[in-house]
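Before any comments, here is the structure.
Chain naming follows the written order as A, B, C and D, and within any one chain the residues start at number 1.
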Amino acid sequence: MTYARQMLDSCPPTVDVDAGVLAAAIDAISDCAQACAADADADLSEQNLAEMVTCIRLCLDCTDICTATAGVISRLAEYDAGSTRPLLQACAAVCKSCGDECERHAHMPHCRVCAEACRRCERACRELLDALA
Amino acid sequence: MTYARQMLDSCPPTVDVDAGVLAAAIDAISDCAQACAADADADLSEQNLAEMVTCIRLCLDCTDICTATAGVISRLAEYDAGSTRPLLQACAAVCKSCGDECERHAHMPHCRVCAEACRRCERACRELLDALA
Amino acid sequence: MTYARQMLDSCPPTVDVDAGVLAAAIDAISDCAQACAADADADLSEQNLAEMVTCIRLCLDCTDICTATAGVISRLAEYDAGSTRPLLQACAAVCKSCGDECERHAHMPHCRVCAEACRRCERACRELLDALA
Amino acid sequence: MTYARQMLDSCPPTVDVDAGVLAAAIDAISDCAQACAADADADLSEQNLAEMVTCIRLCLDCTDICTATAGVISRLAEYDAGSTRPLLQACAAVCKSCGDECERHAHMPHCRVCAEACRRCERACRELLDALA
């Protein structure tokens, strides 16, 4: 069991949401923040740097937005729907953009792994949005 | 002239946006991230801690969302509207919630200052959303 | 295999460090950042709030330092020893302080889980410091 | 008066430190985090990308470390010297490395401005380390 799930089980959020869906979102978002930070650095080591610029920028945005989202949904004891919902939408959207861009370089193993992390994170954000509805 | 404005003047974003509006948003968001981090800590030093819990939680969310937003809008050389717009909406929303809560404790000077930082940040996010439309 | 390890295998860092040790550190630090954010929120739901203040503050510091450290060691393609080493020392130190404090409340399940995450992170930081020596 | 100074005046830290030195550090560190985020993006728009890679990496490290440091020193109501001092040392060190690298590209206005932000931040970190001694 991941730490995110153990923390939720030891102190359940007051908002009515399935702990499994929430824990999966926290884990997917944390993983994606890290994968994108690593992928931006891997991109910077590539020969054809000019082709990687969009990918680097999206990875940096994705890391920043995932980091904030992981923090906010780790603090759901009081749920502020007005900010949390657009934040989750922003997170899903940047994961879509970043995943699409990484998939264009899927012949590079680091972009293939990062695309997977982005796809999983996008799905987890959308599932959490549905679960919080 | 702030560093944010100097950076924008030295390397203008490709997106069509007024540099003054963008620099004002970057500065207001950075200031708000810091004010909220400081206010959460000041709240923790208050006697009537139970009354400060919502304020502390909103301050922590506000710091996280402002930090991500400052990063993303400092990187507007390529503008990903699909994620940047909901992020700015999330930032304005959390500043509204946090500013409202801080205003309820405006007899505490630290909450009064933090409320001001939140109000200014909310306005700056909305002005940037309009300017990017 | 975690995403951190997959990313390292797909784009090995140029610095001479064991990939298993580095991946373990990235994972432990990311987990600790999340556990501490969740624990601060759980602390805020406790009855005896005044006794939790130090724990909340250390959890917030721990989240911030772990987040930065995870970012920096995800970018070891070029290794800046002068900043990375004291950062890892700061991370180990805050995990020690936060783990000690959480252990004092180990009768609360959320603090017990968080203490475990802090201990594991402290160890992983020290092992990485040794491996990078 | 900056928000950082207003917050400190409304809720003085318990640690014995000059409020002016602390506020100056908070402001310089926040400015540096933003300047480095903006400079990394500006670097990515340059023609001679291969020459900018080290600068981009140092800017990303500098943003991450400055963001954590700004958070931690905004929360000095309880001062954990064991983690705060190495963190400030890491922050001064990455500002030195990043400032040196930016200065090599000082013919690019964005790197010249960023170098100034790094130098000011490095000085402010060292002055705060002395003041906290």
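FYI, a contact is a pair of C-beta atoms (placed from the backbone, for glycine too) under 8 Å apart; a residue touches a chain by one contact, two chains touch by 3 or more.
These numbers come from a predicted model, not from an experiment.
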Quick one: compare the interface residues of chain A with those of chain C and tell me same or different, with half as the dividing line. same
Counting only C-alpha atoms to place each centre, which chain is farthest from chain A? D
Comparing A-B with B-C, the one with more C-beta contacts is A-B
Indicate the whole-number Å distance between the mean C-alpha point of chain B and the mean C-alpha point of chain C. 27
Taking each chain's centre as the mean position of its Cα atoms, how many Å separate chain A from chain B? 21
Touching at least 2 other chains, the residues of chain B are 40-41, 44-45, 53, 57, 60, 67, 71, 75, 77
Chain C partner, complex, touching residues on chain B are 40-41, 44-45, 49-50, 53, 56-57, 60
In their shared complex, at which residues does chain B touch chain D? 2-4, 6-11, 26, 30-31, 33-35, 37-42, 44-45, 63, 67, 70-71, 74-77, 108-110, 112-114, 116-117
So in the complex, which bits of chain C are touching chain D? 53-54, 57-58, 60-61, 64-65, 67-69, 71-72, 75, 77-78, 80, 82-87, 89-91, 93-94, 96-97
